[in-house]
Amino acid sequence: MRMTRIKAATAATLLVLGLAACGNAGNDNSDSGPDVKVSENAADSFADGSRMKELAQSGKIKIGVKFDQPGIGFKGATDKIPSGFDPEMGKILAASLGIKPDDVEWTETISANREPFLQKGQVDLVIASYSMTPERQKIVGQAGPYYVTGQQLLVKKDSDISKLDDVKGKQVCSVTGSTSLDQIEAKGAKPRGFDTYSECVDQVLNGTVDAMTTDGAILMGYAAENPDKLKVVVDPFSEERYGVGYSKDHPEMCQWIVDTIKKAQDDGDWAKAFEATLGKSGVDTPEPPQMDACPSA
Amino acid sequence: MSEILDNFDLVLRAFWLTIQLAVLSGIASMVLGTLLVAMRIGPVAVLRGIATTYVTLLRNTPLLIIFIFIFIAAPDLGWFVHTPFLVKGVIAVTLYTSAFVCESLRAGVNAVPLGQAEAARAIGMTFGQNLRHVVLPQAFRASVPPLASTLIAMTKNTSVAAVFGLMEATARMRWFTNRYTDDTITIFIVFAIGYIILVEVLSLGSFGLERRWKAAR
Amino acid sequence: MTTVLFDAPGPRTRARHRLYTVVTAVAIVAAVVGFIAYLNSKGALAYHLWEPFVTPQYVRALLVDGLLKTLEMAFASVLFAIVFGVVFGVGKLSDHAWLRWICLLVVEFFRAVPVLLLMIFVFFYWGITHDEFGRLGSVVIALTLYNGAVLAEVFRAGIQAVQKGQAEAAYAIGLRKTQVMTSILLPQAVKIMLPALISQCVVAVKDTSLGMYVAAPGLTFVGKQIYNQFHNQFQTAIVMAALYIAVNLLLTLAATWAQRRLVGEKKPLDVGMTAISTAGAETQRSTV
């Protein structure tokens, strides 16, 4: 499939002439998660007046996920449905309402707008590497954790960084303004903030920076993309418990989220979702975490 | 409000990096820009062509794209891998700004009265001597206002470095807004004032230079 | 002008220049060939890295989700900026000192603050809670405020560039202040300023790329998605740069044409020529 230089140049010329129609890039959509069965007549199983019933009856749900984190939540420039562990959780939840993945309105959330999106009803759920914290739970509801991870380091396979102390004086990349970057600076590393994790990974791959740091789950997603070049090192030095965000206006959603994910954990859909996404980095599928009880309404 | 005051050393350190970026890029852009203008108004057609092409291409490319070239694309080809981040930032800003410095200087060269260059030729000066002793010194004076504008723009342009591993003022402002969402306005105003001070210092400097050089004539 | 700087070359100088020309030309060719060979050795010319740019869906993404959105944002902000610029430009010429001062402060503030800082502020303050509209809006608002401030200076300079006698004649035949402004000064000023306005579009197009920082769609944003997916950073950067340059050169051509049609060969009005700012000498002085 390698073409010569001349051919590439011709192809480029064709593009300029607007005759582009010969390429076929990016059509290897091989990763699909578990085939979750979409419930029928789902609306009947929810109490009248509950948000779940409304959503099931309308047949639509808006879910906020990340679009730029492979393995967690990723959407290419031309994809319709994002891929990753978080969207898989979203599909499982939507399916229990009788909503197909195609009918879910996937919205990109970035770290800074998750709370406002829930508060203003821009999205019904946020499943976006969203750590459960007491501060956040004052403003929004968080059900879970559906996954537990912690801050780790992503390095090249041949890197000599193996423990946290090794980062002293090294250049470590993360997203501009993130807490991970502050944490690693406190450990003596030179912080390098970039716009997205993907760009950080590239900086690691081409050797500009020595390591990248953030939640292990995110790092695993990138390691899964380049299993022969990258590895995740260091025991997690923080605990991040990913939860599903929902609006405080609809506290009844918590129990539904917990029950639905619990069911997926028990019947193996959770494990399948993991294997199809984060598991590709070669790590073993972990034990599903024990979820918190919902706050009494 | 108190958060930003408690962390004021972070604000100062961020602006220090902005100043470093601006001063280093300013010097480098002046050097490269002068070289370009000499090529652009010189007698050798090929050099003229190179300088014109450079200016046209760089002026019409967003600075952000140049940053992507230097920080993201080039290391992928094995360039600038071990170059310090500050140097890479200076290179990106300089590549872009020198095109504008060249244009500002060219405007200044055009402002030098024809008789000056003619007189220099009449006493037998070569193109190089003519530029060095007669045209450029006067052109620099005439270019002070547009050059100052260019350098002011450049100082503000260093903000583009914010997501390329450099914790300068704009990156720090984003850091603050991420943390203290209730204080967005205060944070913005503090950083805006910082930039306004830098801009006004440059403005005053150029104003002073212009007045002194006018009096000296 | 340039010919004044050096004598018409004699035979020896011509020979020397020919030598320079040949040497530089050879050097350039060598550099270009060497660079291409180097890129090839790095595998940067491999077809699969360029393939997205000949694949219909990615070309569509680049042109429709990317370039078109970029142009929409740029033109929207230039349109709003014109309104902003007229209001504050005319305001700066007001007879009321307080109004002049307010307009001056507003204009100087937005000219001195980096447009990116402004954009990030607008986004976190307002745009973040408004989904895609908020992201697009943050870019448009920031560019409107910045370009509007630059255009306010352009309008002020343009109005003052209309010959004094015009306004005097208008007052003499009994027109009121507003009438003089709207039916005598502004129409003539617009003609003088049109090329400067179009050049400002170039600035706006370039600055829309900063929307990437607030995840607003646009050419750079799509390009980033593509290089994050295919790891063809260098190739994507080349394609993006080519598209921006092409659009901006077209705009510059339009500006030159408008200049020639409407103003004649006179020197164009002195306006900002950098992405983030500048205006002529007198404008800079006014900041002090």
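A, B and C label the chains in the order they appear, each numbered from 1.
One rule holds for everything that comes next: contacts are C-beta pairs under 8 Å (C-beta built on N, C-alpha and C of every residue); 3 or more make two chains touch, one makes a residue touch a chain.
Worth saying up front: this structure is predicted, and the values here are computed from it rather than measured.
*Asks:* How would one label the connectivity among the chains shown: line, ring, star, complete, or other?
*Replies:* It is complete, because no pair of chains fails to touch.
*Asks:* Just grab the chain with the largest centre-to-centre distance to chain B, centres being mean Cα coordinates.
*Replies:* Farthest chain from chain B, going by C-alpha centroids: A.
*Asks:* Looking at A-B and B-C, which one has the bigger number of contacting C-beta pairs?
*Replies:* Answer to which pair has more contacts is B-C.
*Asks:* What is the distance in Å between the mean C-alpha positions of chain A and chain C?
*Replies:* 37
*Asks:* How big is the gap, in whole Å, between where the Cα atoms of chain A centre and where those of chain B centre?
*Replies:* Distance between chain centres: 40 Å.
*Asks:* Using the average of all C-alpha atoms in each chain as its centre, how far is it in Å between chain B and chain C?
*Replies:* 17
*Asks:* Quick check on chain C: which residues sit in contact with 2+ other chains?
*Replies:* If we look for residues of chain C contacting two or more partner chains, we find 124, 212-213, 231, 233.
*Asks:* Could you pull out the residues of chain A that touch at least 2 other chains?
*Replies:* Those would be 112, 195, 199, 202.
*Asks:* Which chain B residues sit where two or more other chains touch them?
*Replies:* Where chain B meets two or more other chains at a single residue, that happens at 72, 76, 78, 162-163, 174, 177, 181.
*Asks:* Sort out for me which residues of chain B touch chain A in the complex.
*Replies:* Going by the criterion above, the answer is residues 72, 75-76, 78, 80-82, 85, 162-165, 167, 171, 174-175, 177-179, 181.
*Asks:* Which residues of chain B touch chain C in the complex?
*Replies:* Going by the criterion above, the answer is residues 41-47, 50, 56-57, 59-65, 68-69, 72-74, 76-78, 97, 100, 103, 109-110, 114, 117-118, 121, 126-127, 130-131, 135, 145-146, 148-150, 152-154, 156-157, 159-160, 162-163, 169-170, 173-174, 177, 181, 184-185, 188, 191-192, 195-196, 199-200, 203-204, 206-207.
*Asks:* Taking the touch rule as given, give the residues of chain C at its contact with chain A in the complex, in rising order.
*Replies:* Within the complex, chain C contacts chain A at residues 36, 40, 45-48, 50-59, 61, 65, 124, 128-129, 131, 212-213, 215, 222, 224-226, 228-231, 233.
*Asks:* Sort out for me which residues of chain A touch chain B in the complex.
*Replies:* 111-112, 171, 173, 176-178, 191-195, 199, 202-203, 206-209
*Asks:* Taking the touch rule as given, give the residues of chain C at its contact with chain B in the complex, in rising order.
*Replies:* Contact set of chain C toward chain B: 1-2, 4-7, 9, 13, 17, 20-21, 24-25, 28, 39, 42, 44, 109, 112-117, 120-121, 124-125, 202, 205-207, 209-210, 212-213, 220, 227, 231, 233-234, 236-237, 240-241, 244-245, 248-249, 252, 270, 272-281, 284-285, 287-288.
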